[in-house]
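Look at the two complexes coming up: chain A is in both, with chain B in one and chain C in the other.
So, the complex of A and B:
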């Protein structure tokens, strides 16, 4: 009786998280107001942090919050502040651009869904993961052993981005001076 | 197990949340009074004196007045975001209290990633300030919000790097572990540079003078909360003072030994009093700084973080890593 009550609460919380994530994603795409888009993105990313929580890793959930909501969204806001003034209303969407992006996201969606459907999911009930298995040490070890290559490639991407930013900033400053 | 989760753990969390909300109100009432007293005495004035003994009840009177005020919505403001911002600004501060180690038995929820929790949620404050400043549709508010974002991006990095050097020494992200390992020697003696960087960056993170350029009143009226009245403004104010307590409490547990006494002697004083004493002393120092130093210029602020604090904290982290590896 008690367990089913707890399960109901958990189920409810899970679907609320799903709803928030989907709503956030919709807000991130549909409104013409760019600040709404960013806040919607932040909401969707927070929802994803909630999914990590349901998967049992508080650490990954908090990292998601710290990096994606804290850093990425703020960086996007930064870029917005440097671009067109916010009080000028945005011009209507060019249809070609819109259809192209719909096509691109449809291709991505079909790809992800087909991979998800093809995978033979195994129920974790047989070997329940404990919180200790998702400890910081284990994640750190996995990152620096089994997933070392992925880790390094990601840092390479960041390095390229930093060099790009430095060159862009230095170049534009040289032109203006 | 399930009964324990529903019965005691959930109950504990709810009770803890109620206590935290009550505490944050009381704390803000006290801190506003303290700030006015400190500023008064630094400027050779008595500060509030009329309401209650030495003006102790002045903030209650102000608070009641604030609740009674009308919430004014500017005509061209974005209504939804305008009212979302004050709510949003208060949430991360409340979450932070969940993991604060007041004393060995007085932690609402001792998580093994507690330090991370506080800093992960503190980033939401910036989003809230930005939302409020933008939704007001006022150029001063927007300027304040933009400055706040720039400042927080710059000062979050040295803050986290300073915290990381302590985490490296303890090998744990849990507040209670960090405090326990300072039983005899506080980390401020082992990590003086990290402690100093943390305090400076934390002052900037809470938008306190001399880093209060998001609300610099001589340039921006009141910055991001220019258009807020009544409790909308009240919530921003409450969040600022609660945030100050949170930041100082984290500093106490990371660098000043938390619930431990001086050099292993507690003099029979319970841990929670040590903790509160140190936290309020740090808050006093931050207030003292506010009324002593002039506000920095925007370029000085940016240069100080990117060219001084961040390189210093990276060097400090590297040295810590090497020393920890050798020992």
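So, the complex of A and C:
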């Protein structure tokens, strides 16, 4: 009895998360005001962090909150602040292009969903779901043994990206003039 | 707790919303936001497959972390390019950036 009540609450929370994520994604795409887009993106990313919790990985959910919601959204807000003033209205979109893009993404959605529903997904041979296997300790072990090269290369990529961003944003005036 | 196809449908929905955003926005920052949505939909797929199908439970999470790192690099570079473009063109509409068209 107790567990079934808990299950009902969990299901309810799951669908609330689904609604929040989809609403956030819609807000991120449709309004014309770019600031609403960023807030919708933050909402959708938080919802996806909730999905990671439902999938059983607390660490990845925290990383999602930290990196995406905490860092990338703030960076986008700064870029908005430094670029175009918000009160200048953009020219309206041509309706033909809008309908074509809606058609393209609808075709994509129907195709992917029908493939996902038609396939009979089979578990890999050694698949066992144990919550202990999803611990931070295992992720750390994998990062520093099997995936160490990728880990180092990604830190190099981040370093190069930071230097490149500083040069592109900071010195572009000096280089171009 | 929920089945694999629920997660697949959610991430397909997120991905097509992001695709719609990329195709119809002309504001560069709006397109960058849509790219973030696409990356997150792919991440959600990785995590769902990892939870329900994969033999090794670590692989999907590690790949998700790598994608997050690359997305951070991509956002930094993209935003700085947008800033440089705004200084040159005084607009972040992509249809204004046509200098190489000849």
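A few comments on the model shown:
Note that the second predicted complex is superposed on the first by the 116 of 177 C-alpha atoms of A that agree within 3 Å, B and C clash if a C-alpha of one lies under 4 Å from a C-alpha of the other, contacts with A are read in each partner's own complex, and residues count from 1 in each chain.
The rule is short, and it goes like this: a residue touches a chain if its C-beta (ideal position, glycine included) is under 8 Å from a C-beta of that chain, and two chains touch if they have at least 3 such contacts.
All values derive from a computational prediction rather than experimental measurement.
Of the two partner chains, chain B is the only one touched by A:81; chain C is not.
After overlaying the two complexes on the shared chain, residue contacts for A:58 are found with chain B alone; chain C is out of touch. When the two structures are aligned on the shared chain, A:44 is found in touch with chain C, with no touch to chain B. Considering which of chain B and chain C touches more of chain A, the answer is C.
Looking at the shared chain after the overlay, A:18 reaches chain C, while chain B stays out of its contact range. When the two complexes are overlaid on their common chain A, residue A:35 makes contact with chain B while staying clear of chain C. Contacts of A:10 after superposition: chain C is touched, whereas chain B is not reached. Contacts of A:163 after superposition on the shared chain: neither chain B nor chain C is touched. Once chain A of one complex is fitted onto chain A of the other, the partner contacts of A:109 are limited to chain C, with no touch recorded for chain B.
Applying the stated contact rule after C-alpha superposition, one finds that A:144 touches neither chain B nor chain C. Shared contact residues on chain A (touching chain B in one structure, chain C in the other): 59, 63, 71, 75, 78.
Contacts from chain A toward chain C in the complex involve residues 7, 10-11, 14, 18, 21-22, 25-26, 28-29, 34, 37-38, 41, 44-45, 48, 51-52, 54-57, 59-60, 63-64, 67-68, 71-72, 75-76, 78-80, 82-84, 90, 93, 97-98, 100-102, 104-106, 108-109, 112-113, 116-117, 121-127, 129-130, 133-134, 138-139, 141-143, 147, 150, 154-155, 157-158, 161-162, 164-166, 168-169, 172-173, 176. By the touch criterion given at the top, residues 2-3, 5-6, 35-36, 39, 42, 58-59, 62-63, 65-66, 69-71, 73-75, 77-78, 81, 86-87, 135-136 of chain A touch chain B in their complex. Those residues of chain B that touch chain A in the shared complex are 2-3, 5-6, 81, 111-113, 116-117, 119-121, 123-124, 126-127, 130-131, 134, 137, 142, 146, 149-150, 152-153, 156, 173.
Of all the residues in chain C, the ones that touch chain A in their complex are 1-2, 4-5, 7-10, 12-21, 23-27, 29-30, 32-34, 36-37, 40, 43-44, 47-48, 50-59, 61-62, 64-66, 68-77, 79-84, 86-88, 91-93.
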